[in-house]
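Working notes, beginning with the structure itself.
The first chain written gets the first letter, and so on, giving A, B, C and D; residue counts start at 1 in each chain.
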Amino acid sequence: MRATELLSRPVVDEHGRPLGRVHDLRIARRPEQHGPARGWAVAGLAVGGGRLVHAWGFAERRAAGPWLLRKITARAGRVARYVPAERVLAWGPEVVRVRTGGAELPPLLEVVRP
Amino acid sequence: MTTTHMGAGTGVRWVAVSAAVFAVVMASLWFGHAPPRSAAAYARQGAETVGYLRSQTRTARLWVDAVASGSATHQAASVALREAEDDASATAARFAGWDPPAGSDAVRATVTALGDEVTRRLAELRIAANRGRWADLPGVARPLPDLAERLGAVADELTAASRS
Amino acid sequence: MRIKPSMLLGFTLGTLSAIGGFIDIGDLVADALVGARFGLRLAWVTGFAVIGIMCYAEMSARIALKTRRPAFDLARSRLGPGYALGGLIGSFLVTALLVMAELSGIALALQLASGVHYLLWVPIAAVVVFIVIWRLPFEATERIYGLLGLAMLVFVVAVWHLQPDWSRLWASATTVAPTSGESWPAYLFFAVTLVGAQMTPYEMFFFSSGAVESRWRPKDLVEMRVNVIIGFPLGGLLAVAIQAVAFLVFFDPGIRVEHISQTVLPVALALGRVGLAIALVGVFAATFGATLETLFATGYDLAQYFGWAYGEVQPPARATRFTTTVAALLLLSTALALTTLNPITVTIYAVVFSSVLLPFAFLPVLLVGNDKRVMGELANGRLSNTVGTITLLISIVVSVAAVPLLILTKAGAS
Amino acid sequence: MNDHESLRFTLLDQQLVDAEDRPVGRVDDVLLDLPADGGPPVVVAVLTGAQALGERMGGPAGKLMAAVASRLRSGEHRAEPVAIPASAIGDHADLVQLTVPLGDLPHVAGLERWLAHHLVEGLPGAGDARD
């Protein structure tokens, strides 16, 4: 599976309700015991919000400005959510299915390093 | 990252977009190169043409002055005089290539006659320069200011005619 | 304070960018044309262009010396490969036209100096350009053409020697409206043309790639800023001087500028043969420098898009795809120049299309300049952001208006 | 706080340089594998080259790019885009740095080598491609 196939794939909850699209993958270094590779594993997904908000880095607040771009992207940035990999029931091929248990997903900004 | 899920509509959309772009380009080309169709548009083009002829005449005159006063080299002046002549004949030929709308024959006669005259005068300058007759150049150029005045007057007339 | 040779050396990077990038064939044509038709009534555009390009050149160079990543690199990593590919193809086409026009500019300067037809000089100029690309080190090249480009200052001297009515010049420079007999669309079209000629994206790509190649590090920040602060306003001053001399000599007789020979004619009238000779050296150096810059900028763009090795500091065999691209583009442009296509017309089209690409080039730079995780303490301050945002907004307007104005005014003919 | 990071900003589309700082290409895509035991996908390789990029972009332009890139390659592997195993990836601050030199990755930057070999090296003053 290519990472870019996952990007922009629709995300739904266990009842098939849409949660937006995958806009970014959060990756973390794998612990050494998982083989010789110092590679990464997918830790979670960034879901929801606008495509550009993620592409331009505002969804994870990489930038504080300029003021105008921050204003334009502010609302969409707040909508971005984080889905931990453990909650993913199926990664594809058509949709990413996620277990929410009826609860709200955490905002992306809460789990991103400032 | 945009196109991973575009599916079957992609091909159709591409064709539609390409066709639209092509249509706009063709329309623009037509707009840019369509000949003048009304008498007013023809007169306006005539004024424009005569304005350029005047510009080329005066440019040539400036180069003659510059070379006569020792301000410009012979090489540069002979290149510039040839350019002025080439421009003038291209300007005149472009206008002559358009069919005059009904009632515009007089405009055509005036403008093409001026085009011929300017081209002829500038050719004389170019020939004198290429023969190295630099001392004669101011003499050959003597009619130019007069000619430029006449061109200016005709341009004003045609502009007025295009507005009425 | 003792000035180290390396500082002078670094300074020439800015001078070359200013002379070769700011004053290139686009300016030699557009400034003279605009001066003859509108006097100094579009000088404010040059003022805006200088501030805008200074802002983005500084920003992209600051990013380059912090991250070793030049401007086009950012376009792809921030805005995705599809977006960047559009920018790449667009800038490739525009630069191919520009290289053709710059090469013709070299040939036209040589024609005016020698009297031999310019088409004969085109292949010779192309061969010399190729040898310089192949053999001469980056720094020697920029030093030679940066210094020779200073000959363009003769245009500033010529303004004084033409003994202008200064109050008339001032009145013209402070009027924002077309001259009588000219239309607003034509006025705005030439405003767009000047923006395209003076805020060319390739200046930014070249400047930031040059900063990476010269291995500038954050400690070179001051030197880089000195380059920007001296280099680009110098280019702007030259541009206004060209507008002014064209105004003084051509405006009253109603002369339309159609040739490079007309650009240098006011200098000859003001300063005689010596002035003319110096102006021709300046034109030669500016177009030669700009040929190199446009060629490299295109090679850089392509190399950075695909992540290839690039570089004028590398021997050609270490960056073969880059070298091959540059050589192929040079060949293509030479062929284009030999078709006897009018280089002045090509220049106008090239700068107008270049202005269409501006916002695409600026946006990623502005985004990364603000990325604190990448830029740390070198992130944009309020000044960079304010000027950068305003420049970006104006460039969007220019980009949208450019082609409709081109069509509406028939490339400024009416 | 979690120590995960954005694929988009730290890996995808970033510049790849080899162990000697030579530019190798860009991360044109990332190959993921779903472990059989049901864990999250892991990064097994980064893909580089116009073939991977063209396949990623899709559409007429992408298809063309992938087809041309595939044609330019030789050998039996040409159906698959060039992959660099995750084990060869080291540091990734501003650039993604590989732990091996370009010479150890025979499939990478094929065109660069071909041009060096057939076109550029033969000319005087080109310098040496292999130093």
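FYI, a contact is a pair of C-beta atoms (placed from the backbone, for glycine too) under 8 Å apart; a residue touches a chain by one contact, two chains touch by 3 or more.
Given the structure is predicted, the values throughout are model-derived calculations rather than measurements.
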Pair sharing more residue contacts (C-beta pairs) when C-D is set against A-D: A-D
Centre-most chain, if every chain is reduced to its averaged C-alpha atoms: C
Maximum centroid distance from chain B, chain identifier (CA atoms): A
Distance from the mean Cα position of chain D to that of chain C, given in whole angstrom: 34
Chain A and chain D, separation of their C-alpha mean positions in angstrom: 25
Distance between the centres, which are taken as Cα means, of chain C and chain A, whole angstrom: 42
Chain centre separation in whole Å, for chain B relative to chain A (CA means): 61
For chain D, residues that touch 2 or more chains besides their own: 9, 56-57
Residue numbers of chain C (touch at least two other chains): 80-82, 373-374
Of all residues in chain B, the ones touching two or more other chains: 1-4
Complex contacts: residues of chain C adjacent to chain A: 78-80, 366-367, 370-374, 379-380, 385-386, 388-389, 393
Chain C residues within the chain D interface of the complex: 67-69, 73, 76-77, 80-82, 85, 134-135, 303-310, 314-318, 320-321, 323-324, 373-374
Chain A partner contacts - residues on chain D that touch it in the complex: 1-12, 29-34, 39-44, 47, 55-56, 85-87, 89-90
Chain C contact footprint on chain D (complex, rising order): 9, 13-16, 22-26, 28, 48, 50, 53, 56-57, 61, 94-95, 109, 111-113, 115-116, 119-121, 123, 125-129
List of chain A residues in touch with chain D within their complex: 1-4, 6-7, 23-30, 34, 36-44, 46, 54-55, 57, 60, 62, 85-86, 88, 91, 111-113
